[in-house]
Structures are given as C-alpha cells and as structure tokens.
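Just so it is clear, A, B and C label the chains in written order, and each chain counts residues from 1 on its own.
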C-alpha cells in the first residue's frame, strides 16, 4: 500500500485538506487516488483531452471563427469590428477563462481563495456585460416570462456549481466559504441571464466583403476562419454568381456550407458551446435532484421511501426521449428549457443509486455514532453520509453528460432544437436533404460521436478506478 | 407466486396512472394552444369562421371547457374498460335504425342511402342527448324538415335551445346533406354530428348513472381518425422491430461477454470493450444518416432501400422468394427483410456495449465464485463448469437489465422509425407531438408506459423463475 | 502406540513450488519446495497463517490452481505412490477430471458460497455421482439420499429438493461433505472446513469427519489455522510459513517438543484457559519470510543430543530430521547434519484411530 497522496487536481481540495483529513480521511484520499489513477489511463486521458479541446473551442469560438476583422483600417480610420460585435456571452467566457488561467498559474494563494476570486471576478465581468444588455431587455419588455426564466437559470447555475465545486469540495469547505459561493452564484445567475438578452442581430456581414471588393479597406487582420456562424453569404450570388448553399468542402470552407449558406466549420465551432453547456448543466440538475431525492429516500426510509419509489417508477416508466419531444413541442424551443427538462427527466438513476447507498450507510456504525453524539441531522446527512456515498455518482454523471449531448443532438436532428443558434444535430439534420454535401454528413456527426465517446471513456475509466477489484490490484 | 403476480399487476396501475397524469398535465398546462395547428381534411390550415367553428368542435370533442383535472378524469373514463357511459355511447340497434329510416324516407336527401344513414345518425345523437325516444325524434325531425328554414326545423325537432354557432353548424350540415352528395364529405359530416352531440349535451357529457363494462375508447385524433385504429396500424411495425432487435442484442452480447470473460485481459477482451464503447457512442441519428447516404443512396452503393417497410409492389409479390418469368423474385418475405436490415442494425449496435459489459462482469464474477471451484473439484469438465454453473448464474444480471432494455429500445424506435420513414408507433408519437395531438400522445404514452411496466413485470417473473433465492409470497 | 500402518503412501507431494505474478514483476512463491506424505487412513494437518501456502498446496493436488496467473514451477505429486503411479501435475485435464471428486474430493472453507445457489442440493450431489459412477438417475437419487443420511441430515429425501439458501451454514457444510463423499473418495482434502462456522457447529462437523473417516477408510488432508482442531484431529502435522514447511512431525511431537521458533511462537500465541495474560504473544513479530528468522541452534532443552544446525531460514534451508521422525527447516552447518536432510515421511497414526478401525 502506498501512502495516499492528497489530491492536487481541483482548487479547493488541497487547501482544506488538513481539517478534512481529520474528519473524513477516507474520502479525500480516495478521490485523490481516483484522480491519479485516471491520469494514468490512456482512455481517460484521450477523453479528458478531447473535452478540454472542446472547452477551448467553446471559449475561443469568436476568436477562431468570425466574419468581423480583428482590426482594419477603412476610410483612413483604424477600428476593430470584432471587438464591437462581441456578445455578452463571448465577453464573459473569454474573460473568466483568462482570469482562471492567471489564477491557476499564480500558485502562491490558496486554492479556496483562488476559487473565490475567480467567482467574484467572473461575476463582475458578467455584470458589466449585462449592463450593456439591460436597456435592450427593458426595450423588449418581455417581462411575462421573467420569473420563470430567472428561476430556470438559477437552477441551472446552482447545479453547475454544485457539480463542479460543492460535491468534490464538501468535506473541506467551511460553511462560510460555501455560503459565500452560493451568494456569488446567485449574483452570477441573475447577471448571466440578463447578459444573454442580446440586441436583435441585424449585422450585415456582406458589408465586409463589399468593402474589401470596393477596395475601401487599406489593410485588415481577419480571423483564421473568416465566417461567422450566421453569415449566410447572401452577397455571393450577386457578387460571384455562386450559390453559397450546400457547397462541398473546399479550401475556403473546409467543411463546406449548409443549407442557408453558412460555413459548417464555423457553426460547428460555435455549437460546441451548446454541447458543453447542455451536458454539464442538464447533468448538474439531474444530479442535484437525484442526490436530494435519493438521499431523503434512503435516509428516512419508511413511507418517504415508499412515496419516492413510486415517483421514481413513474419517471422511469416514461420513455424519456418521447417526453422530451413532447415537452419541447408544447413549450417551445428554448435552450434553457431543454437543459432543465433533460435534467428533470434524468434524475432517476442518480436517485436510486444514492438511495441504495444511503440505505446501506444509515445502518453503519459511524452514522449511528454521529447520531449518538447528538450531531444535527443536516450534518449527519451532508458531512457524514454524502461524502461516502457520492463518489460513484461521478461515474453515472459522466455517462449522463454523454447522454444529455446525445439527446440534445437528437432533438435538434428531429427539428425540435434551436432555430438560429448552431447545433451539431441541426447540421446533421440538414445532411438528409443535401446528399451531395458530404461535409454535412460526416463532420457534425463525427463531432457528436467524439464528444460522447470522450465522456464515455472518462466514465468507463472512472468506473474502473472506483471498482475495488481493479483498484486493489493496482495498489498492491 | 400467483398472488405475487396479481399484486404486482395491481401495483402497476397507480404507476401507470402517474405516468399518464404527468404527460397529461404537462400538455394541459402548456402555454401553446392545444391542437395549435388545426387541420382540415385536406391538411390545409383553417381560417376565419371555419377555424373558429373547428376550434369549438375540438373543445367539445376533447372536453376542453372542463377544468383540467376533470379533463383528465374524462379521458381516463373514456379509456377505461369499466366506467361511466359517455353520451355518445348510446346507440340505436339495427331494427330501430330501420324504423327511423322509414320515417325519414320521404325527405329529399334519401336519394343516396349513405346520406339517409347520416340522418339516422343525427336522430340517434339527438335522442341520446335530449332524452326523446328515437321514433319521436325522427318524427319531429321529419316534420321539421318540411319547413322552409332548416334551423327552425331543428329547433322544433329537438326542443332545446342551442348556441347560435351550433345552430349554424347544424344548418350548414343539413345544407351539405342536401346539396353536396360527394363521398369525400361524409367524414366531415360525421364530424359535425359529433360536434352537435356535444353542443346538445352541454356540460353533462358523462352520464353518472351506473359504471358499466364498455369498449375502451382511445378517442379520436385531431384529424378525426380513431386512435385505436391508428395504433392498430402502427404498433405491429414497432413490435416487429423490437422482436427482431432484442434477440440479436442478447445473443451477440452474451457471446461477446462470455468470450471476453474467458480470455480476460486478452486482445479480444480489450478490443471488444473499446469497440462496443465506441459503437455505443455513435449517435443513432448519425449512423442512420451515414447508412442511408452511403449504403442506400443512389449516388453511392445502392444495397438497401432508403425508407419504408415494403417495396411499392410488395403487395403483389409471392410470399416466399422464387424464380419467376423475370428471373429471381425476392417475394414479400425477403423484401421485408431487405427493408428491415438497416433499421435493425441501427437499433441493435448501441445495445452491445452495456449488455456485453454486464455479461462479461457477471461471467467473471461467477467464474471466480466458490461454487465454480466446487464444480471443478467435483471433476466436471470445463465445458460443463462453464455452461452449467457459471453461465447459468451470469444470466441473472442479464434478466435484471431487461427492464432497462425495452424502454431504451422504444426510445430507439422513435428515432429509427423517423430516419427510415417506417410508419411505426414511435413516428406516430413524434408526428402527434408536432401537431400537439393530445389523444394520440396519450395513447402512445399509454402504450410506452405499459411496455415499460410490463417489462419490469417480466423481469421480476423471469428472475423468480431463474433464481430460487428470490421468495415471492 | 506408534505404529507404521501401511508401508505404501497414498499421496506424496515432492518439492512442490507454485508461484503467482507479484506486484513489481517478480513472481511470488506461494508454495516453495513443499513435501508432504500421506498414508491411507491418516489425517495430515497442514497448519499455518493465511497466505502461508496451505491452500495452494492442497489445490495443486487437484490442479485447481488457475494457470495463468498461477504456475507450477517444479515438483511432483504422486498418487498411490508406488512404481506405477503417475505425477498428478503431469496429467491431462481429462485425466484429472476422472480423479477429481472420484478418488480425491475436496471441501472448502465457505459453505455459504461453495454451493451453486440456482441448483437444488440433490442436483449438485447427483451431478458428481452421475459423472463418476455408472448408475442411472434412480440409483443416483438413492446414493445422494444415503450420502445425506451419512452426514446426519434428517429427512434426506425431502432435503434433496431444497436449495442451498434454505439451509444453515452447518447444514451446508454437511451437504458439501456429503457431496464429497458420495463417490467414496480415498482422500478428502478439507480446506479449513470449519473456519466459517460457529464453535458448536465446528465441533459437530469435525466429529462427523472423524466418524466418516473411520467408516470409509479415508485419508484426510486437513488444512487449518486452528491449533485446537489440529490437536484433536491430526496424526501428523506440517507447519507452513511463507510457502515452506518449517516443521513436520507427529502431533505429539509438535505440541510437546516444538523445535522451530515459528512453531513455538504459534503455540505460545494460543491463549490458555485459566491463565491470565495482559497481552497475547504474537508469532515472530515482523517476520514475513523465512529469511527473517534469527540465526541460532536447535537447542531444544529436552533433546538429549542436540544437532548443530545453522539458521532456521535462509535460501539454503532444508528440512532436517533433527530428532527421530521430527523434521525442522534449517540450514545444516556440519557434514553430520547435512546427512539428516531428508524428505519427511511419517506413517504415524494415533492409537485411537487404529483401535476403532480394527
């Protein structure tokens, strides 16, 4: 048996490790061991590598693919259309990513401090970006849906936080740190939601090409892929006499163009945001509901369990994909709604798992001992039982993320996804009527496959890591 | 055992009720209008007065003016084999219909028998809702139709005050009967009769007399077709897909799982693990699109048909393949099989990963179990040890998993049927969702829920048979 | 009281070595030059702590070690050890199947999991009977019934139709014994048959084994870590440690004149009724391989002619007959001592066992 090393992977763990190790030594070392083991697995490495690449793609999408020149000089003036056209979401993602990089590299502060700093700075960036969008929001006055949208966004971000921060952190985070995080999270929610309201897009992309053709531009610096996802190149028909729709892959459009004339690669890069967000947030919601419901069922047993199991049965008897199709058809196409729904319909697996764990744990001596010491119920549930039962949920969660991505692409494929926003499934759907454009047939599907495969590989490696038979043979 | 089954079946109903309630209320409270796209018989969007009337007709047909919970109760009552009779259920027997027909025989629309039938239907409806005897109603209608104004005629016939729109509908109906004898209108006419039925009956559409046995009715789709008819048409295709897929998934997974477990850590074990995980990650939609584009499309290989379950000429084919005048003829059976290859491949490939992994794990566990060592110590040949002792015990988890497999396959059919244009239940469900067709969605949910719950029942029963440790009282 | 019963040994294990792959690429020696000799109607007890190679040696007799990962490095196992006998390790799988359960049967430690849960006990007993004996179904049922009756199960014919989970642990072990004895084996390998059972049930099962041994003229290779069980049941004792036999002698010699420090430690660590100690002795603190034993000489105080030997362990240590019919693992330093390095072989049986048999 080697001495278990403390986990270094996530911000807060090493910082709070000392008090945590005293209360629940089992878990922190187990997580650390699992993390180390995972890094040694080629499958997990490939999976995590692809997800990381996807994350970078999502963050830097506007940098890589945009019709707006970074900088240009036109009519004697130097300007940056690119910066002018950044959306609030772009600003928030780029800003918080850069801050995160800086904080990760700055190793002198404690992990918990850095995490808090990151949250606050991100909140500030988001609020600034949101401020720009507020007048638009006020002008639109779609206040009827306000509470619903706000609640949904709050639910999503809270559960994202829950999965990313709270679950791995539980035993080490002090109550104050936790409540601070929650407060920041709430601020983030509001701001994020406001930031997403964008002015109606009436950008005329063709203006850039026309300006270039008319030789008004003295010099310009274009992004590597000079097409925005919604640049439908309507000017090409008149300017070049070429129908820009469903063009097969070429040098100019590496993956070709889609049915409306937009560049497929550009749309795919921007669609990685949806894929990532759907996977993480939907699974976060599902895990949150699953842990709460399953924990209550397992802890209280008796009639709570009986009632809960009936609900679980109901939800597991409904074919999820059908329910989703129906809800989307009846409630409209909304990304957030889709995330919430995938989350709401997907919690059953986590709940039954946590329930079984808790039923086992509540009989165990250390829980009985905690009771005997007069520990309050909240503490017994969350500090003593949850950390011991929650680790295997990570396995389910990574398969869940893969499923959520599959479901989103399937819904988009069936024509129930978002209309304007790019999505892999929607691109794949177009390939059905555009047989000659093989770029549409191959690449969006490949992207879905690789992402799902990556998450499945990570899940598989996690499962192996948590399997006592495998783990022990590795240790001894 | 029997009591266990009975109890299990009884417990099935609350869950089914829960499933139906969830789906029903999700629809009932949706902001979008029920049946948002009301279509006429020709599939065109209705407009203006027509739309208003059609809307009204829908409200009446589906009881949309009731409180939402009452709507659900109404639907349940309609579906349940035992329940209160709805007003529309009162039917005249053949003798009575003949009598009524005789009374109305002298009216101008009697030139075509089918229209006389409709008039008799009207009498039937009126007598059912108003409480007149059928002959009485027929005589009053006959007398009233002699009058110049059709609406006045009906007023006299029924003696009931109707809403103006209903009068209008009725008048139009009668004019249609008189002036437009095309066959295509007959369905619309029967629709209007049902509209009338609701108009006349007002809010008391369920007669709370005595609960009685009745024929379960899944209602009517938005386009007016009977839902049970629709299901009867579509369900066999879905069942066919599933019946073909399940054995394939099980046989292949079991074989792969055993082989991998026997050579643990070998090339096949690792290779099949990665391969099935990869297959599992291939989205069905992509696989379908790739197959259609490259294996079925005319531009590439044209090995398989792109869509449908049969060739257009399939109905005229012989059942079995054989040699005809034009050389080899594939016959109906082979034609169907040929059409089914791609959909079944699409439905099965993803299932191998989970199932073979479960089988491999179970096999490894039982191969290292003490009783297998005992069997070896007894002097059993390795083949017998494997099949009689290890394999038998490894099947238990495979039974457990079936309750997850069936619903997953149902979800698979939704996608596969859409991609390959097979008119099965999954496609029906999607179409219904797009049209917001409540009765069809409820029927599909009922079928899906029943499938899911019976699969759990099947699992428990199989388990009880396979594992003597499980005691059911 | 000390008789040589039969001149011809039933089973002879010579210099058996079995290894498994270890953590850092090296192979771990689970059994390392094990010698055991078993005579008809004899009970040979192999004693040692967990992982000392007792079970591996017993499983090797039936070739039940899965290969890979296990590997038979050297040695031979002679069955009916005369000129015509064949090494069991060299036999084919098919030949072994004819021996397993038929001539040599084995019972295991865990009666709870050693029976297949999905078959009735009747099916499981009859499986072996039908395999090894030329009988029909009806006769097999009769054999199984009488086997169950032999092991003291009441109402055997109805018990045949029961499943293992319907029986208690002691009953299941009885069923295991019945299953093993249904084919009248000459040798029974009992791998910790009572470890998982309650103390009262333990006594019953051991008593049953003794009775059946007398009735059926079996030899028993009894593997255990319980010295009490050894003292009551064994004729000859082999003490194992880290894959090697460290002491080999009759039961009286081992208990009254233990010579190897490990054996002494083992005996010392047994609590004695009525004597209060604050802390029980542990066996050789920190010693995990024979090389860890201290150097020293066999100075058994009661031994009139102490043989000068070297360390009690080490790579060159062999079993030396340091006293008459008493073998101890040590290295010999003098030529005289080297001559005493012999393969242990002891046809001793207790008087009580003889008395009942004859």
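The rule is short, and it goes like this: contacts are C-beta pairs under 8 Å (C-beta built on N, C-alpha and C of every residue); 3 or more make two chains touch, one makes a residue touch a chain.
What you are looking at is a predicted structure, and each value in this text was computed from that prediction instead of being measured.
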Graph class of chain-chain contacts, one of line, ring, star, complete, other: line
Of B-C and A-B, pair with higher C-beta contact tally: A-B
Farthest-lying chain, centroid of Cα atoms versus that of chain C: B
Separation of chain A from chain C, taking each centre as the mean of its C-alpha atoms, in whole Å: 61
Centroid distance [mean C-alpha coordinates] between chain B and chain A, Å: 36
Computed distance of Cα centres, chain C from chain B, in Å: 67
Residue ranges of chain B in contact with chain A within the complex: 14-16, 18-19, 22-23, 26-27, 30-32, 274, 277-278, 280-286, 289-290, 292-293, 297, 299, 407, 410-411, 414-415, 418, 426, 429-430, 433-434, 436, 441, 444-445, 448-449, 452-453, 456
Residues on chain A engaged by chain B in the complex (per definition of touch): 43, 310-311, 313-323, 325-332, 402, 406, 409-410, 413-414, 425, 428-429, 431-432, 435-436, 438, 441, 444-446, 448-449, 452-453, 456-457, 460
Chain B partner contacts - residues on chain C that touch it in the complex: 62, 64, 93-94, 96-102, 105-106, 108, 110, 113-118, 120, 127-128, 131-132, 163, 165, 176, 179
Sites on chain B touched by chain C in the complex: 369-371, 373-382, 388-389, 392-393, 466-469
